[in-house]
Amino acid sequence: MAAIEILGLEKTYMVGFWRKRPKRALQPLHLTVEEGEIFGFLGPNGAGKTTTLKMLMGLVFPTAGTARILGHEWSDPEVKAQIGFLPEQPYFYDYLTAHELLEYYAQLSGVPGKERKRRVEEVLQRAGLTDIKGVQLRKFSKGMLQRAGIAQAILHNPKLVFFDEPMSGLDPLGRREVRDLMEQLKQEGKTVFFSTHILSDAEALCDRVAIIYKGELRGVGAVADLTSTVQGKVEVIWQGTRIPASMKALGAECHVTGDTVRAVLPENQQDAAIDSLRRERIRLIAITPLRTSLEAYFVEKLQHSQTTAGKIS
Amino acid sequence: MSLRMIYIASNTFREAVRDRVLYNLIAFALLLSGAAVFVGQISIDIERLVVINLGLTAVSLFGIVIAIFIGIGLVSKEIEKRTLYTVLSRPVRRWEFIVGKFLGLAGTLVVNTFFMAIGVFGALLYVSHKFSAADALILVALYFIILEFLIICSLALFFSSFSSPLLSAVFAFSLFVIGSFADDLRGFAALTHGVTRWFATAAAYLVPNFSALNVISAVAHQQPLAGRLILQNSLYALFYTAMALSSAVLIFERRNLK
Amino acid sequence: MTATRRTTTIAFVCLALSMVACVFLLRHMDQIGPQATIEDALYINSPRMIKRASLGFEGVMACIYWTRTVQYFGHRHFNAAHTYNELAPLLEITTALDPQLLPAYQFGASFLAPAPPNGAGEPERAIQLMEYGIKNNPSNWQLYYDLGFVYYTEVKDYKKASQIFAQGSKVPNAHPVMKVLAAQMAEHAGEFSTARLLWSATYDSSRDPDIRKSALEHLRAIRVDEDVTHLQSAVTVFGKRNGRLPSSIGELALAAHLPGIPADPDGHPYRLTPEGHVEVENPDDFKFLTKGMPPGYKPPALPQLHVEHNQ
């Protein structure tokens, strides 16, 4: 069973003083997310990611289209017991402590009374929030709030979790923890749908991704499949001012700056480039990936004026 | 019915308490004890009248102010601060949210009134040195005041579901003032003609009928209140509240949250 | 969408039902009126206190009290009450809040002075009210009219009434009727023509439907009194001339050279009793009658419904 089936969800806002001008936030979207996968929903800010998520949560009403979540109509309130949601930059009742907040959410999610305390402790641990007993949320840092948000999303053991920019506000250690958490969730058989504009995270975690830009779906598919169509680039810097002929043959763009040369060439030529330098006994200073493959794909898709519709199995 | 409404209500209550709302009781206590002592000192033979009139008027006014100030933000604040997102992503129905908020605010006011009632009876004991049977009427007046609160809460919540806090406060307060003259308004409407009469009558009937709920003077003069009146006013408050809450639900159900 | 639709339907039904219930309850409570609650006593009788409590919004409060006054009187009048204890205080408060609310003075003149059930039976307070009104509105001639009115109709001090009318006629822009009334009061105080003049002036100058209705009733009664007086004296003349009472009203009409059978303003012919009294057919239809009623007649407890005729 598909975890999420988005069938033509669309949102048009009426803006302007008399609310007469239509502004399309989301073109009709068709997307399927399978159970048990980690699905990345990628796009720059303002692309329509949050709009889509809000519609799936029932916070915003679509202009057209429908969706099914875990086989149910998306507006069915009972299905919400099985999903978790972490909004972007979450806000909570700042007069409550984390324990009280989670206790409240557990009540609302229908977690049985006896289990609540246990589960609250459990998710707080998992989210990495310790030593916060009795501290009101208004005193939490941004990172702590984000962790609290993650905690409340998984509190009631949902089958499907929606994360909107889960890494925002976290330091690198925190980001690693969240990545690990998402992997764990997948191990537990849950489905994770998360939106982000940080591609490296998506590349590391996702089974499949969808790319959305200006309200339109630009591409969907497994990361490996998508990135196989484009190449990443690397930057090679070496000592000296000499440019070997073999380097040129690899199609490198070279610039000489002072007493170093900077060359950009495709990712798959990386090894050949190193060999070339070694043969000529040129001293290698650095090799830096300039773009990941996914980024390259992303940029290409965004520049494309055509829409790539549909889903790829 | 599900327990979710009760959970929302108790959280709303907790929010009000942590918002230091109950501190108003201190101001109230000071006012009332000051008046009681003052009146007891000068002994002008209307001590009871002053304590009851002043006490009940203060209960009413303090409560109305609290009801409006908290009520106007009940929904709009949650939307503004986006705390609603994580609530509505749970199996909470939107209407449960509205009703739960209402119950929480109403509960806060009932608790507040309870403490104030103790204050009033305390002051009364101080100036009169004993209770009389007629003092039981004060309980009826307090009951009517609570009915007023229910109506105002539901109105504040109604406005909060679609309007900004400032406008909601203005509307709610205006309706409170106009509602105090609801009897006269209906009288006015009856004297107009034609199309105006239609509009005036509609407006006069829509306005909350606070004039009937204000029995403070009567109780101060120990006038008995007909049981029929108590029943009618209870029903009226119930239905009016239902009207305001249904409207709030209808609006909120449709609202796109930013 | 079904969950939302269900909620919407239920909410709509709830809204409609509660609205209907509210309206129903309000109407019910209005009908029962003051009796259901408390005695309609004004707890704050002092106009000064109310003025202070108005916080500067005396105008609005005056309007509110004025409406209450009209409703108070109308409600009780309809039920032919015997006490109108609150009428004077209400009028006093209204005029204290807004001394220029002229309709209040005329209302007071018409309904404070007469005896119950037509009024509160407090002519002295009515006079006080008028004098207060004159003090605050010295350029208004109608207040003199109202004051003179009270002196004439209830106090029956015709000399004083004449003086008041004369004073009022001196106000710039006074209606010419003031001079006429002053003169009439001075010389023909007790006559029908004077009364008719006064009540016609009241009817013409007032816009209050209650006052106009009252004036109309007075005029009708004056007409009947006049008719009966003339007919009665015609009977006396007939008796002197013929040594016996007329056998019927028709015979009397013939003898007195009347154009036809004399009828009252409702079109019913007057009756002649065997004892020679002229009587009106339905005394209940005429309030304020002083003549033409059968002996031992008591006016009904509740005012009869009067059908409007073209005058």
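Structure notes:
Going in written order, the chains are labelled A, B and C, and every chain counts its residues from 1.
Simple rule for what comes next: a residue touches a chain if its C-beta (ideal position, glycine included) is under 8 Å from a C-beta of that chain, and two chains touch if they have at least 3 such contacts.
All of these numbers come straight from a predicted model, not from anything done at the bench.
Considering every other chain in turn, the ones in contact with both subunit A and subunit B prove to be C.
When you average the Cα atoms of each chain and compare centres, the chain farthest from subunit C turns out to be A. Among the chains in view, B has its Cα centre nearest the centre of the complete protein Cα set. Between the chain pairs A-C and B-C, more C-beta pairs are in contact across B-C.
Centroids of subunit A and subunit B (each the mean of its C-alpha atoms) stand 48 Å apart. Distance between chain centres (mean CA atoms), subunit A to subunit C: 85 Å. Separation between the centroids of subunit B and subunit C, computed from CA atoms only, is 43 Å.
For subunit A, the set of residues touching two or more other chains reads 77. Counting partner chains per residue, subunit C has residues 3-4 touching two or more of them. For subunit B, the set of residues that touch two or more other chains comprises 93. Interface of subunit C with subunit A (complex): residues 1-4.
The touching residues of subunit C, counted against subunit B in their complex, run 3-4, 7-8, 11-12, 14-15, 17-19, 21-23, 25-26, 28-30, 32, 36-39, 41, 43-44, 64, 67-68, 70-71. Listing the residues of subunit A that touch subunit C in their complex gives 73, 75-77.
Remark: subunit B residues 93-95, 181, 183-184, 186-188, 191, 205, 209, 212, 215, 217-218, 220-221, 223, 225-226, 228-229, 232, 235-236, 239-240, 242-243, 245-247, 249-250, 253 touch subunit C in the complex. For subunit B in complex with subunit A, the residues that touch the partner chain are 3-4, 7-8, 11, 14-15, 18-19, 81-93, 254, 256-257.
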